[in-house]
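Labels for the chains are A, B, C and D, by order of writing; each one numbers its residues from 1.
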């Protein structure tokens, strides 16, 4: 969040501040272990998130998770801890008495709460947004219990509240290839390209994402797609928090909109949104 | 009572599943200890708690009631009722000093001959370990 | 409380008898020791002055309705007694149209003090969560807030004993039992014309008074009340040899509450747990 | 004093090899009331049976115990044996010393001791057996068929042709069922309507069949041979005596409602017949959608804007057959047997989010495709896709939608989808040679006469591309659909651009199948398919005598199977109705009126509604058993605290004496 996804970090904090959502960073959070842990050691893959969960429990606060992968691992851990034997085993590994009495929400769900009023300074009118949720935010539904796995609506509703138009399209929850991001770039390119081209064909001016990995894959490789897959144009990929920030009156600079590899500013200028 | 050594176990088996299951144990020669005496009833729901209590008051060491698996009752619902009756009876008997281990209820289908033999074998061994009620 | 309740009951009884709504009011009157209540059957308006209500009114008068079938009768019920009305209604033993129910918010009842008025509450009042009648036509007293759910501490205490100790305990109780059947006579749920214990064919219980036969009687008596006992504890009160029958009744009651979330006699159309079922329930039987 | 005879069987060495039979015989001789005991090499042989008959006569035996194999094996054989010697067949008890003893125990001493115990128990029990006589009850020689699909039609025709009266109840305005919605049928590709319509007409014209369309079964009372059924006849608002079915009214009606028959792809008027070949070919008024009926409803409250009055149908009807005074009516009829043929509906695919959850107009169910292919369908038989009416060229079929899928709670195979998809692939190609079909499948299940050849034909001759694997996602891209799936045979993802996607939706029971089952007191499984008495040996009978089931309400099956099933049910009904009276099993419950306190716990627990209320001469209301309904489970006996109910053949006295004999020795 401080490095490659600084845009997400900064924009989230700005938006939260504006909306009066107080964020407290856990002092002793540890890496959730994705994807190294759960493909090598099951216990480790539960123990790492469990450690973080325990802190949230001790603080007595719900856990808001910006990264879809971390969210997924935390939810998986909670799900597995429902089993008494697993609970005992993982408690032993962590060295603390664990429980499942922690609320874990994706940042998207926290900020999309319709009970939080949005003081819109600049409606994003005329902007067509393809909301892209990725796979881990909503899957598997019985574990994460968030929105519809095939046709989620949370981000779409939020984007509409910002004054933009959320387009209906069919690849909202398709995989961008993050799981094999380093090993099989060809797969990443193919999958991400499919997502971007459908978004574009469906009339989107940009794609909104809620996960640093999704963002990286969709934003970073557009040049490679041009070389390898004949991707002709550019489609800006923004964090939903950046779009929120924009409509709440922050400047593109504050929101680090200039940091993306696929530059969104020309498009935003054209739409008269900057 | 002519079980010279070891516990006397009385088994109430429903005609359609468990009695047939015990027959199946026979046809497949699945051996089990000879301590059990089987009484045929049409349905586990025909087994009156009075009979069970009577068995114990008269000195039987253990009672087994076996019926069709829930959902498979020949009379559609009989075992659902027996399940409730025996859940309460078992609690009451245990409270009055007849260990719940001595009163066992099992669902045995007509095809589970081997399983029936296993259940009776295990039950008998447990009862041998616990010893006779009269001796205690 | 006492005199006020008594007056309300007398007034209502008088009205019912004068109007001819009922031909008999079953209530309480002062007994021969001068202070303990006993059942009273009032047929004439002039006799209503005999009626009293105080904390010695222990009897469950619902039992007497079984002898009044087809005759319009009023009955005075405390909270616990009122549950037996629902029990008998659901079992079609009494006819709601013929009964006028005078419910009394129960102040608790005291032990029988022999020659002195006792102020020791009966043990049933410790676990009672039904001071307010659940069914009535006329209510005497202001409904009270019922206490927290019963914790069945008496049962838990018994369960700390070993199985052998429990067996020995009940065997000893069975040795005391004289099979007088007072427990049965007091119980509103015991109304069989021909009780199993007295049947000779099949002879479920041997006619001799022996501990194992007595135990059979006490076990089956309790089991026949499974899911039906309404905890008035009249059986235990009337037992001349002080067998703690409430332990048996309440052990089953706790199980019925735990497994089926059911309390007997709470409504007229409730179906008792042993004559119904749920397909997917897990009861620890055959699993 | 009884004179009991005990016959111990060696069963060759089956029993005799382990159990010391002479010792058992000797022990039996000393048991109370035993007058005679003997052994047989093979009791079930003619020699063995003769020796029992002789002993009964010579020893004046009045009760018999046979210690042999399981009573489930030879109880009926030996009942006939003792009956042949003049004894009541129910004065017999079998002691199972083979399956429950010699076959499972190897120690001779233990086995012999146990065999003696088992014989002793049987002796104690038989002493308390009573002579029982089966009862005869009369029956109504009429059959009720619930559901007028192909199965019900076949059953009705067969029963009626055997000379019995039949009432066929159908909830829709026409009989014909699902088969009438189909275009062609596999594997012969004959036209569904062409083979079905003549049968429908036969039903209408058969003198023994009364057709009650637009009707539903409300309540069923009684028992085998003597059912009493309340049937709701919904108001049709058309006088079928006057109506000639000329069609003027339904052509004139201005209202348009999505047609149920066309799966919502076409429309119908408010006064309508569901399809052109409907039987009866007379319309009903759909009250919920009729303009004038809506107006009448509005007039009651006068809330909201006043709807237009219409009554055009009344104006144009040449025979004045429109009769708005008709009301729903309940009639009560008597039957001896009931056949349930309530059929199926197709699985609702909108639960599959990955297939669009019903959002994409060009993702359709196979039944919708049938309507699009039918010459009588909404497009006149031209396959046009719903979104823009264009001719689809690339068509993707997805198999097992709502079948073989635990995730949607349908783990079973719907059996017909593989075949109808092959049919669709062949037919689409026939309609339009440019069509390319792709079929995503799990397995191609083509078990049946000429089925495999047919499925092959779809692949080989029409070039349909069969891809083994499931589809992970469908999404709209421009005008077309993108289908992402996996070809698991080559282990590669595949991507297909489709014009039309057809989902092979599985079968599930019709709505309210469970409610009908409850009314008839028959069982149904978790998916609401009705349960037959035995899945192999009694496929059309149920646990309730006199109630039969057939067709797809029992489980997925195709048309030939349904016809066979309907015919099988008809044969069972005819066999039942050809009797002049019915014999009841005497092993039923009985009530002692002196002991019954009338709490009716027995009635609550009886699974067969076999307990009635009866008022005694001293005005007590007590229970009484309907012996025709009682199946002898004994649930009531245990529910009865005073012991007023007892079960013949398994009386409390008998079970108790078995226990006491055993424990007291």
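Methods note: a contact is a pair of C-beta atoms (placed from the backbone, for glycine too) under 8 Å apart; a residue touches a chain by one contact, two chains touch by 3 or more.
Here the structure is a predicted model, which means the values were calculated and not measured.
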- Task: Using the touch rule from the top, work out which pair, B-C or A-D, shares more C-beta pairs.
- Result: B-C
- Message: Between subunit B and subunit C, what distance separates the C-alpha centroids? Give it in angstrom.
- Response: 35
- Taking each chain's mean CA coordinate, subunit A and subunit C are separated, in whole Å, by 65
- Where subunit A and subunit D are represented by their mean Cα positions, the distance between them in whole Å: 52
- Note: subunit D sits from subunit C at a C-alpha centroid distance in Å of 48
- Message: Give me the residue numbers in subunit D that touch at least two other chains, ranges are fine.
- Response: 605, 639, 652, 656
- Residue numbers of subunit C (touch at least two other chains): 196, 204, 274-275
- Query: Using the touch rule from the top of the page, what pairs of chains touch, sorted by label?
  - Reply: A-D, B-C, B-D, C-D
- Mind pulling up the subunit A residues that touch subunit D in the complex? 148-151, 169-171, 174, 198, 201-202
- Item | subunit B - residues contacting subunit C, complex | 49-50, 53-54, 57-58, 67, 70-71, 77, 80-81, 83-99, 105-107, 136
- Query: Along subunit D, where are the residues that touch subunit A in the complex?
  - Reply: 353-354, 356-357, 359, 473-478, 482
- Note on the structure: The subunit D residues in contact with subunit C across the complex are 594-601, 604-605, 619, 621, 639, 641-644, 651-653, 656-657
- So in the complex, which bits of subunit D are touching subunit B? 70-73, 96, 98-101, 103-107, 110-111, 113-114, 116-118, 121, 523, 543, 587, 605, 607-608, 631-635, 637-639, 647, 649-650, 652, 655-656, 658-660, 662-665
